[in-house]
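In what comes next, subunit A is part of two complexes: it sits with subunit B in the first one and with subunit C in the second one.
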Partner chain A sequence: MKTIFKSLLAITVLSLVLSSCGNGGSEKGSQGALSSSAAEKVYVAPGEHDEFYAFVSGGFSGQLAVYGLPSGRLFKVIPVFSVDAEKAYGFNEETKPMLNTSHGFIPWDDSHHPDISQTAGELDGRYVFINGNNTPRIAKIDLTTFETTEIIEIPNSAGNHSSSFVTENTEYVVAGTRFSVPYPQKDMPIDEYKGNFKGALTFIAVDPKDGAMDIKFQIMMPGFNYDLSHPGRGDSHGWFFFTTYNTEEANSLLEVNASQNDKDFIAAINWKKIEEYVNNGGGTKAPAKYAHNVYDEETHAATTTMKDEIVIVNPSDVPGAIYFMPTPKSPHGCDVDPSGEYIVGSGKLAAELTIHSFSKMIKAIDEKKFDGDAYGIPILQYEATLAGSVKQPGLGPLHTEFDGKGNAYTTFFISSEVVKWKLGTWEVIDRKPTYYSVGHLMIPGGNSRKPFGKYVLAMNKITKDRYIPTGPEVTQSAQLYDISGDKMELLLDFPTIGEPHYAAGIPASILEANSKKIFKLEESKHKYVTKSEAEAKVVRDGNEVHIYMTMIRSHFAPDNIEGVQVGDKVYFHVTNLEQDYDVPHGIAMIGANTSELLIMPGQTETFIWEPKQIGVWPFYCTDFCSALHQEMQGYVRVSPKGSNVPLTYTLDGDAVDAE
Partner chain B sequence: MKKSKLLMIVGSLLLLGLFVFPLWNITLEAPQYPIPLGMDIHINKFSDTHEFDIKNINLMNHYVGMQYIPENIPEFKIFPWVIGIMVVLGVTIGFIGNYKLFILWLILMCLLGTAGMYDFYLWEYDYGHNLNPKAIMNFKNPDGSVMGFQPPLFGTKYILNFTAHSYPRTGAYLMFVGLLMTFVAFFVGKKEAKE
Partner chain C sequence: MKNNNLIFSLLVVIAIFITSCGNGNKKQEVSEKQTETSSDAQGQSGVVDDVSAANALQVAKSIDDFSTLVAAIEAAGVEDAVVNVGPLTIFAPINAAFDKLPEGTVSSLLLPENKAKLAFILINHVAPANYPDTQLAKEAKKGRKLYMASGKYLIVEQKEDGLYVGGTKILKTVQVSNGWIHVIDNVLVPEE
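Presenting the complex of A and B:
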């Protein structure tokens, strides 16, 4: 994705020269001084809370950042697809399984499109889903703990980009492949791509009770690139729409060879029909290897299950379920308005935005207004589904969101602006520059039946001179616009983590009350939990030493341990006994080849230390927990291998012999 | 039924509220506790205002060497009996209807109440002054004596970084209303007797 944007940039200069609508979008002068009212609109006084949560993906950081709007303050970076030494995510024994895949443990991915779960087409605030682009995966973050609790790998997919969007009642979270690949994977010449590579569109069922994900079926589509997608809603509920590019099926120098066709497609998929087909025994059970990682809040630990089968649906086996709507020039964004009637295709190389009508699409299907087919999938006549187009809106349209008041907002990467236009009349109402090269934009609930159309957040790939410089690598950014009036007003410009690829926003009032404060110690089912200091102990099992340790203001129990030997594998199973809000403790051991642990009240985490040198080695609390934080420490005495120093441990001088 | 009898009976019965509602509450406020820590005192137990408050009060107090708040104290066995007996006695007296007995009951109740408060004060004093000599932090008063951390018997007091509030709760208010009713019953009964 990044590469594409970067290469598109190369033609930015040219475009600006040629552009008839290059209306000074990036003129320095137009930035001006912000009016004081803009400052007031984003000022959230100390101790006050923001009105919205914004879950902004970290792009190539692999994580998901939590910001407040309108302040733009960063509250948390939720580790999802990349290890995070700060939180021990992917380092401690409990979360390592979260990053397992069929390719083994992968410490990184590229996180792209967060989407919040919905009920009846409205944000319900239970979960946020996000896709890993590189090694295809979908993650689920629980919005009571703001932690990643499930990751499912998507087999037969590559460049998991038209993901992870949810249907109106979170029946499915959908993952589409950007890169088509041989199916099944095999050793074959790349130039035999055409006709042989396939594009898998995956429908992952979400359990309405506990949110558990399970791949229901995978549609094996022609070998195009499936770029973005969105579900139908309202009347179009039951359908899913995917933009495609490279319908040329080129395999080399795509920037040229995949830009030849005048029109690519938006694939309209009647998933209800396919679901029914699969429920009636349709589809082929095919071998597939993929990991399903689940973090259990009761055991405070994740497990990996390797799955070996998937249901494959061949489009030609379900006639009437899939159609192609021709859409000009490599459409990127595929956005459905709150009513579900309009499907906006942003031909990123086109001079206009194309809007399809769902009702016209159904009519065209009924009247069989076809214009041939592609691999047996009917192509609808362009004019038959067309609702209208926004003429000369800007250059390089990418994504559209909606305010629920009949307006749409589209980003233009090349002309670096957000354009507001009216649904139905297709007239441009306003345009505002972004600094610079905007990708996605986000209105809280802007892709649901009920948008909260007060702000739009534009996410920029490039900032150049916008902030104090930090060497060659400078931050990317997000910009907040007030959209409550006729004209948009730029309010705030703030830096982000990684690449702020896309975001999902939700009123804070929906989430705040559900946010957990502590984990109840009594309810912990962690295998190595220590529920009181009296239960703390050290146990040797061959060359493994298991330390059942507790932490509470401001000491560890036990704090001194003797009898550990060089070559031992020492497990620190550490339980935070606190039951008070915002009293985490940390622990780090000198020379341990891993990260610290940062343990929330009532939680147990484990790290492994393999001492290599004799001596007396300290460990300490890494989170400034209390006035006596500096006193929160302990020692481990390491003796030579085979030493007869007995295994003992103490707290306040009372030595206890280990079992 | 005579008005005085009714007042005496209902007034006594209001003491039963103590079996349901807390008698007293101690709340500790500090900057780090935007939701204050609180302990409700019932006639038969201590309870958290918010889950885990007592655990967290103990954790705070261990810095200055204060003892843990006990789960059980002898008073929790005695108080329910005293209140129970006084209710039975009050209702019985109410039925008898002798207004002189009304005031005797009230005086007895006030004596018992005062004894209870004194007992509570002694416990508080011990709790606030009987400190672990190995306490992490020792504070001295300006006169050089060891600073105590006794919460107020009634009212609000600043203790280091905490503001401690000690006030009656629903059970106590019901009791006060009950006592007032028996007091009124005495005068009404006296008036009724003259008629």
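Presenting the complex of A and C:
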């Protein structure tokens, strides 16, 4: 009896120990951080820094969020395509031009695919590019200031989705149209789409010195939908690959009508050949209207240039530059492995993943293994380019990333999982569920020759019951997996801003040292900078009043202004005199029909206030700047129109420059 | 004896399972990292920043004539307060000022048991305010006293040969990133 009891005890203890190993994986919630080392793996102690930056697009928020990995902590939301009242982006006079387009000022867009600049196929950490889908644009974010410094509009494009991926020396960032449209735009019946609409693939040259973007050429492709793209690398450098769907050229009920063909295509574009053609005077200079917005760090202000011409390349004019590789069932993701040999096409509706071989593609082109053409573009024989396929991998394949160790990771929307498989043998090694309906996934350096295969971040479309509920609208989520071992391990689940559509990750060590701390006041070339309190002033020009104001802990200069009248247009040009890291000041004026300003050390920003009522109206510092933040305030006296109250501006009862 | 064997083999099995969880190495790494962190743990005075303008402590440390003051700041453990965003106005005694104190005073104040007393004397030199010399002149003109971090008030006077605070002359003024340093050659010992 005693022995039996002991055995029972032993078994019980053993099973406890066993279950505490906790690599259950598929269980949701019940076996989590405490039973494995997941908590330790994502714990970044107070004061410690994360190992990676993750730039996660905000999807329909239009912005780009900066998270740390493995902690999942949110550090900054960089405004890109949408106005941001917190940072005055799109509200202050300096950044309003960033959102100009050929359609006028647009306060919102849908940001999708961030990609970090590269040199020799590896992340160099200078810039991150991201596309605006709705009103087609490509933005560049400077990774010293973590601010949007350039946005270029893409003409002749619509639903700018197969964007904004860079070539391996950042020679180009590409922007491919999702929706084909009439070219040039015209008033025509929609049902005459077929054969008349065109799909523009745009190659934007990036200046190697300062990163300036300029549209080099635009290829006018057949009227398919161009979904995603990735550059070749290594031997395939010089090529770009784009998935297409709706090769049926349907214009209505696409969920049915664009799913008819057994195979659509991956378009292989030899951009080096087309570049050479254009450099030799090829292509047609065509009229186009598009905005190019540049933020100048010296003037702390953006300007818009409206451009009016673009070089159009007709595929049939550059024979041997473009081929179609048939790929089953409306391929979505178009991912190239680190070696540049394999091009993975994920047919949204396909039962298997299709992997094309670059070397076989070149051979097939040499041997002219064609299976007809589409609008004059040769279609390669399916079997001739096929490297292999992953059989029955899951349902609804979307995107693939690589760990640099010979493995690929593909997301499956319908079966809500990440599947790890081996390049070359195409065997499935592991699968882990996601919560729920995963879209993109990201391994830092995933679109490069050198991925950092420690973590994969899965970005989900559906959240449901994952967090404490917040009414009908719930946050979207991302999940972090450790991929350092043979099996993936779910470590962390964290909420995101907007839709976490896609992300780009990079080791923190590459960026940290370059992050700017302050703007040097003496280097400012802002038109309305005030470099000392003694230079502060108020100037009337007709009904415009320009206030040159400074801010320093803990006062504005001037802080009492009289002589403003109802009907005036009052410009507050406010300079933060601080030259100390992390001492921003803010300013807001009662009744101003705009946002606050949040001004970094050494920076000048401007807002406009049009007072409508007489009285004495306060303004104050909105950023808790110092021990005397609550004292940082001022008043503007507003008199009736035509009043003879003189224009005065003072601090502590004296003129600001008084000794 | 039999029982002991059973317990022993049970322990061995448990130990094997624990190590076979395969996170042994990682745990080691993490705990080392934590140790490192806690020994490094410090406040804002530990922030490395060679881009911003120098703060009050950085300026004081760069000037030899403030070596006694800096030693006192460190002994009193108020380094973090003098690098704080403030704004701060510091009346900073040079070494000669400390030499004027009765013999043995400084060495006594630097003893650990006198830390609080030393801190009280030091913060009597700090106004939580933004007072450049121009503003001090206005304070003198308008008869406004300076409220110091010690809770005491100092009188500022404009005399023929310059500005005086707490009866001692301001020799020089230096702007720092978080306020102002006014150099003096007397220690402003607060009245008890």
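Operating definition for what follows: the second predicted complex is superposed on the first by the 619 of 659 C-alpha atoms of A that agree within 3 Å, B and C clash if a C-alpha of one lies under 4 Å from a C-alpha of the other, contacts with A are read in each partner's own complex, and residues count from 1 in each chain.
Following the convention adopted for this analysis, a contact is a pair of C-beta atoms (placed from the backbone, for glycine too) under 8 Å apart; a residue touches a chain by one contact, two chains touch by 3 or more.
Quick caveat, the model's predicted, so the values are computed rather than measured.
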item: Partner chain(s) touched by A:E40 [first = subunit B, second = subunit C, both, neither]; value: second
item: Touched partner set for A:E48, first subunit B, second subunit C, both or neither; value: second
item: First (subunit B), second (subunit C), both or neither touched by A:C625; value: second
item: Touching partner for A:I552 - first (subunit B), second (subunit C), both, neither; value: both
item: First (subunit B), second (subunit C), both or neither touched by A:E367; value: neither
item: Broader residue contact with subunit A after superposition on the shared chain, subunit B or subunit C; value: C
item: Set of subunit A residues, in rising order, touched by both subunit B and subunit C; value: 518, 552-553, 578-581, 627-628
item: Parts of subunit C lying in touch with subunit A, wherever the complex brings them together; value: 3, 6, 10, 13-14, 17-18, 20-21, 23, 26-27, 30, 33-34, 37, 40-41, 47, 49, 51-53, 55, 84-87, 128-130, 134-135, 137-138, 177-179
item: Subunit B-facing residues of subunit A, complex; value: 518, 552-553, 578-581, 627-628
item: Subunit A-facing residues of subunit B, complex; value: 35, 51-52, 55-56, 59, 63, 136-137
item: Sites on subunit A touched by subunit C in the complex; value: 6, 10, 13-14, 17-18, 20-22, 36-37, 40-41, 43, 45-48, 516-518, 552-555, 578-581, 583, 601, 625-628, 652, 654, 659
